[in-house]
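Each remark here refers to the structure printed beneath this line.
Going by the order they are written in, the chains are A, B and C; count residues from 1 in each one.
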């Protein structure tokens, strides 16, 4: 079978699964309170976006996620560069970071609430705190793992400190950094949703939780569909950036 | 010997911890001279080259470059590393890799393209300017590294077994290209190899090191006419005589005795 | 070692001085007060109970999710056509953040262990599925040829060649999922589920007991660290150090 035929067949599977879901809902094998029919979800999605504030919630979640992630990414790469390129700094700091890493970021939410209250700043702080880890640890690794031969090339060419960072260290750490950014984006979406649920901030987290309290399963599913869509788009965006920036990697002897 | 040497090892000791790798090493390389250093594996050839390049400081003694002691790497001394794939920037194209040296030299942006093209042409990679190292064969990658080194406009080229990882055919063409570059640029060349024939074929002089610690065991002048030729030079009686002598020396020093 | 401890020691000292200088507060507490709160919660058994609740959910969800992920991963890894057919389905499901499932599970299951276990399981399916699939697919082709030369049956081939070859990488996935299980369990407790360590942090915060709140956070950190360390140790024991390094790439 050609690649195109496989693609068509696999999309048909998606359609069939949705049809199966519709069938189960229609036969009420699972109560509609829990499982809305696909048509009702579609209607809830349309209604929410066109006549209710689902669109604003979507924008709220995306902006929470991107705000925290961007702050974490900038800080993570900068700190990672500082720590990663100095042996001494690594010896002092890395063990502490390794110890803190398994700490669930959501555990600091109550602490952040105690400090900042139920505010958007609290959410920003929590999301940034949670998504800095993957970026920071990846950047430290990337900057530390620079090929020793390239360090000698830097010395022979007499590059300035700034040239070393911009021309050698940063590009050499880029694959690691991108992997960290991807993970950080996933974490930031999760934390954005949790913060919205707890603090009642405008966002899909709040939307789905309120819908659950009211037993509006179609609204819950509409929110979840949008959250999935954010995840898909975010992942795809990172993949595009990755394949552009790492073109030199995928190419092989031709 | 040339009256004013460009590179002079003056009684250089080098120890890693208490392991003495070079012991009272003294020899000189004249301006424009091609000196090949041979010796059994682990005898300190690479270490000697790295000391001369300023990548490591001698424990005692000094290396003088154009009369002044070497304390750090200098831009007019280029190093061609054996592991070319690690010494190139994988994220830059061939042109970008050559450009790195020009950027380091502060060549204005507008003049780089022209220089890059000329250098890539010189090593036969002009058609591959936009290829990444991962898209090139080993021989092409080593040519690229040489082009980057030439961009430094070096007074001296330090080459550490540069062709050791290449197949025999590629090695021979690179040897001839290197001789042509040396002729055209008049660069001084410090060439480390473990291939005795390569040393004789390329060198004006061959220095043989003995191990434990690394020191001079033999020095041979190579009075073979230039330009050299892969067939006739290697068949000449003088070539064979030198090869024989060098072989006996290496054989003896590998056993640990003096020749 | 000394260098490793210098920073935490300095931070704790700084926090102690800072918190004392600041005076009584509803949001921060000096490390000494946190330690005594931790001892208090350990003594009255509340910490042990909360830890048990969290671990039951984490392990329960891990067992279900990892088992499901493993089975799917082996299937998709060895049956290329099935993998191709399900690819978009998986690509559409996987990016759904695990916490988004909370409301669905809440409506269907109500508060309690089942809610938490369901969400942990959903989160743990993916690493197992993806890494197992890659591990099974990545078995050295030469080994498969050996299996064919020896005329092993598909079942024998899976048991004798594929499983042992893929196992070290699958264990890495399990380690990853185990870490995720704890994080997700605590997150669900903080977000909605009134039980376990996450709920403990929330209630201590709401009761304006910053010392107790931070004690719970520190304890969660200790549990997470111990959990991870135990798994790293098990991995080294089972597959040697080299396997861990190899598979972590």
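The rule is short, and it goes like this: a contact is a pair of C-beta atoms (placed from the backbone, for glycine too) under 8 Å apart; a residue touches a chain by one contact, two chains touch by 3 or more.
Per UniProt, the chains are B = NitT/TauT family transport system ATP-binding protein; C = NitT/TauT family transport system permease protein.
Remember, it's a predicted structure, so these values are computed and weren't measured experimentally.
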Tell me, please, which two chains come out on top when C-beta pairs in contact are counted per chain pair.
A-C
By C-alpha centres, the chain nearest the middle of everything shown is A
Length of the line joining the C-alpha centres of chain B and chain C, rounded to whole Å:
54
Geometric centre distance via CA averages, chain C-chain A, whole Å:
17
Cα-centroid distance, chain A relative to chain B, in whole angstrom
50
Help me check something: in the complex, which residues belonging to chain A touch chain B?
147, 149-150, 152-153, 155-159, 163, 167-168, 171-172, 174, 246-249, 251-254
Okay, in this complex, where on chain C does chain A touch?
3-8, 11, 26-28, 84-89, 91-104, 106-108, 179, 182-183, 186-187, 190-192, 197-198, 201-202, 204-206, 210, 213-214, 216-217, 220-221, 224-225, 227-228
Contacting residues of chain B [partner chain A, same complex]:
53, 55, 72-75, 77-79, 81, 83, 86-87, 89-93, 100-101, 103-104, 131-132, 134-137, 152
Contact footprint of chain C on chain A as seen in their complex
6, 9-11, 13-14, 17, 33-34, 88, 91-93, 95-96, 99-100, 102-111, 113-115, 186, 189-190, 193-194, 197-198, 204-205, 208-209, 211-212, 215, 217, 220-221, 223-224, 227-228, 230-232, 234-235
